[in-house]
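As written, the chains take the letters A, B and C, and residue 1 is the first residue of each chain.
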Amino acid sequence: MSLLEIKGLTIHYETRESVISAVNGLDLSIDESKTLGLVGETGAGKTTTALGVMRLVPDPPGKILGGEILFEGKDLLKATDNEIRKIRGNDISMIFQDPMTALNPIIRIGDQIAEVIQLHGNCSKTEAMVRSLKMLETVGIQPERSIEYPHQFSGGMKQRVVIAMALACSPKLLIADEPTTALDVTIQAQVLELMNELKQQNKTSMLLITHDLGIVAETCDEVAIMYAGEIVEYGSLAQIFRNALHPYTIGLFGSIPSLDKDVDRLNPIQGLMPDPADLPEGCKFHERCNFIDEKCETGELETVEVEPGHFVRCLRVAKGEI
Amino acid sequence: MTKYIIKRILWMIPVLLCVVTIVFTITYFTPGDPVLIILGAGNYTPEAYAKKAAELGLDRSYIGQLTTYIWNLVTKLDLGRSFLTNIPVSNELMVRIPVSFRLSLMGIAVMVSVGLPLGMISALKQYSILDTTLTSISLIIAAMPAFVMAILNLLIFGVILRVLPTTGLDSWRNYILPVVSAAGSGIGVYLRMTRTTMLEVIRQDYIRTARAKGQIERVVIQRHALRNCLIPLVTVIGAFVATVFSGSIIVETIFNITGMGTYLMGGLLGRDYPIINGTVFVICTLVCTVNLCVDIAYAFIDPRVKAQFTSPRKRAKIVKELIEVKGEAS
Amino acid sequence: MLLMLMTKQGQEKLARDMAEIAKKKSQWGDVWKRLFRNKRGVLGMGIVVLLLIFVLGANFFTNYDYAVQDVTNRYGMPGREHLMGTDNYGRDIFTRLLYGGRISLMVSMMSVIISGCIGIALGSIAGYFGGRIDLVITRLLDILMAIPALLMAIAISSALGSGPVNTALAISVSGIPHSMRIMRSTVLSIKSNDFVEAARATGSKHMRIIFRHILPNTVAPLIVNSTLQIGGNIMAISGLSFIGLGVQPPTPEWGSILAAGRIFIRDFWPIIVFPAMCIMLTVFGFNMFGDGLRDALDPRLKD
């Protein structure tokens, strides 16, 4: 049984002027101590999905309209506020995109880490403090710096603090929302390595949200490609990287330079993502697709398993035309 | 920390000297001859005029008068004598400063203690009926200058309902109307500011982080949102100090309170420049002092500023304790 | 870096294009649309427009003269003859308020213009050149700000004497630091934009950069500030007139009408309530309109 299973998750942002369909019937699953990479462009609904799992979608305007999020067989969407509170930070924790704003500016970082330990660790304040100092050491920060405030740390250091906070209670699932996007390239590698190390030590499963296929190749076991609130292709790392089938996935690989192949120019995907407030009928990618067919504009789509564990959501692939 | 405070206090000296100079200059160049006012027009001999002018020091140059004025102020706290009554301005002010100061401070206290909690409730219950009502009321109050507020208070509570006294400051009930009027539009504006600040804070990423930790909603608000929201709100109090102090000046005249406001009005009516200069100077000093206190309070409630001023020795001590704690536990 | 590789014409064109883009960001059509979607902003604008119609067309809305006394008709209650009653000299209160509004609005706008012009000049110099000039200007205005606005206005207006022009001058002095600060920070934020860098890289003169590239982009914050300041100034003017400085009787002004009526508070309410309402409503209108404009011009700030 998988640790986390998302079925038909639908999340909309409803404002006075429009309804933004951020996530539309999304299916995903993560096995124990495995890492799933969720890849997609900005605005594809990756962060909303993550917030949905944490039940932290800001309401208003966000509304979780349907679906199931099964964590160890229990539906998180049906859990009471109290139950979900006990899961957050303890069983599932999250690393946010921007470490600059994720820490409370006026609380000492040691106390911020101790807070989560004290909430779930069933321990005294002193013990929580001691464990937070150990956590800091684990992520490579001198424990003496625990009395400092976030503004005294660099971006990479702050992200280490956030990681320490997320892993303090040894969660079963870690959701990392573009954990390295806001950092310098050299720091990115360090932070990534740290996360991988700690994850392996604790046998933590991870949902890694990113738009960087390089990071996915280094870190993930499975990959899900997200487009306009849907998973368009899903499979193991090898399946996606060696045998990408969906035109969008192919396009994504076409837009990164490769060292082994000699190409004159990159092939970026033409056009822009459709406005999530006004999604097209049929396949949501058809406006930018090179293999478009009439049916793509109207037809009902289904996710098809093309080989064991490799799913694609494309009409033409399903019919074996591509 | 001490260094910062001393620096701020020292900066007040040139500011206040400039204030004295500005106010003195304005009144010096005001048309109208004080000697004539004192002697009464057409009722004097040239000798008497010269004698009076020399007595008041008005026969000397602008620079001479200004330096004497500042010298007397700095060395003897002497603000000159009233032209009309010949009573030293400082003596008169000594009696009146506490009255006005108390009134204004109470005004600020009312403004904060009404505006802050209501603004927070309004933000936390955004879009509710309570929120809409509070915001609408605060917008209307914000459009009322102190004297309109005072007059309407007088009309409603003093004349129509007859529940509160309208003159003097004999009992605590006398304070209610003047204090509320002096706080005036400040209450409305401060409420709005609190609401906006709180709304901004609860949308911050670190609030989401706190929720992601599994923290109870009440604690998220108290521990994470409230303190972050209070820091900017304490600093803006400084901006209201001047408004409330000048509001109380007008309010005093409406409620017949013998404070600096009524004294200043008397001075304006009789073109009694020492009174105008002295009162304006004292009020500016008070406003600057209260502002200074607000700034220092800011340094105290913002741990970041405090940490910046923690001495290395104290810091080392905290670190040492931390390591000891760790040693004991493991 | 790229800038250095371009020809001079190319650089100039780039600078122009980027200035254009920056300007288009706040397209006025969009601003209107957003303003009309904001209920409070529309309410404020409605009040301001109505006020302007009533005050500017005062002659069409009343048959009375604001100064003509009618001893047979003193303390008249509001009715069909006199919409808001008559005062202690038998003058029509509604008429006096209409003409009084003219003075209030005129003086208020005049002082906004005076303090705005000086503030803009000082603020753009301080913000654009920075360094020592900035320090001196900011410090001087800090000192000016140490004197509460109302006290400053009281001192100056007692020195200058009463009358609309003098009152406008007195009030504008305390408005200078505020508009200077807004101008300075706007200029500072615009100055760091690429199109200004680009213009400077092409060797444009300071004055040209200020007038062509920076000032056009400060229009929005200045409009908002001025609108809000008109409201604040009306409070100050009526306050000054209320204590006997500023505009004095027989010229009608809301504050002085209120002051004159003060002694009748126990016996005759219309003479108190109506001028008070006028002041409140006007300030409320300008505040709402200004807030609405600000939200419309910068949607990010909206709550």
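We adopt the following convention: a contact is a pair of C-beta atoms (placed from the backbone, for glycine too) under 8 Å apart; a residue touches a chain by one contact, two chains touch by 3 or more.
Because the structure is a prediction, the values reported are computed rather than measured.
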item: Chain whose average C-alpha position is farthest from chain B's own; value: A
item: Two chains sharing the most contacts, counting C-beta pairs only; value: B-C
item: Between chain A and chain B, centroid-to-centroid distance (C-alpha), Å; value: 52
item: Between chain A and chain C, centroid-to-centroid distance (C-alpha), Å; value: 50
item: Euclidean distance of C-alpha centroids - chain B vs chain C, Å; value: 24
item: Residue ranges of chain B touching chain A (in the complex, touch as defined); value: 127, 203-206, 208-217, 223-224, 227-228, 231, 302-304, 307, 315, 318-319, 322-323, 325-326, 329-330
item: Chain B residues touching chain C - in the complex, by the definition given at the top; value: 14-16, 18-19, 22-23, 26-27, 29-31, 139-140, 142-148, 151-152, 154-155, 159, 185, 195-196, 199-200, 242-243, 245-247, 249-250, 253-254, 264-265, 268-269, 271, 276, 280, 283-284, 287-288
item: Complex interface listing, chain C residues touching chain B; value: 40, 142-144, 146-151, 154-156, 158-159, 161, 231, 235-236, 238-239, 242-245, 255, 258, 262, 265-266, 269, 272-273, 276, 279-281, 283-284, 287-288, 303
item: Residues of chain A touching chain B in the complex; value: 54, 56, 58, 60, 81, 85-90, 93-94, 96, 98, 101-108, 110, 115-116, 119-120, 126-127, 129-130, 133-134, 143-144, 146-149, 151, 162, 165
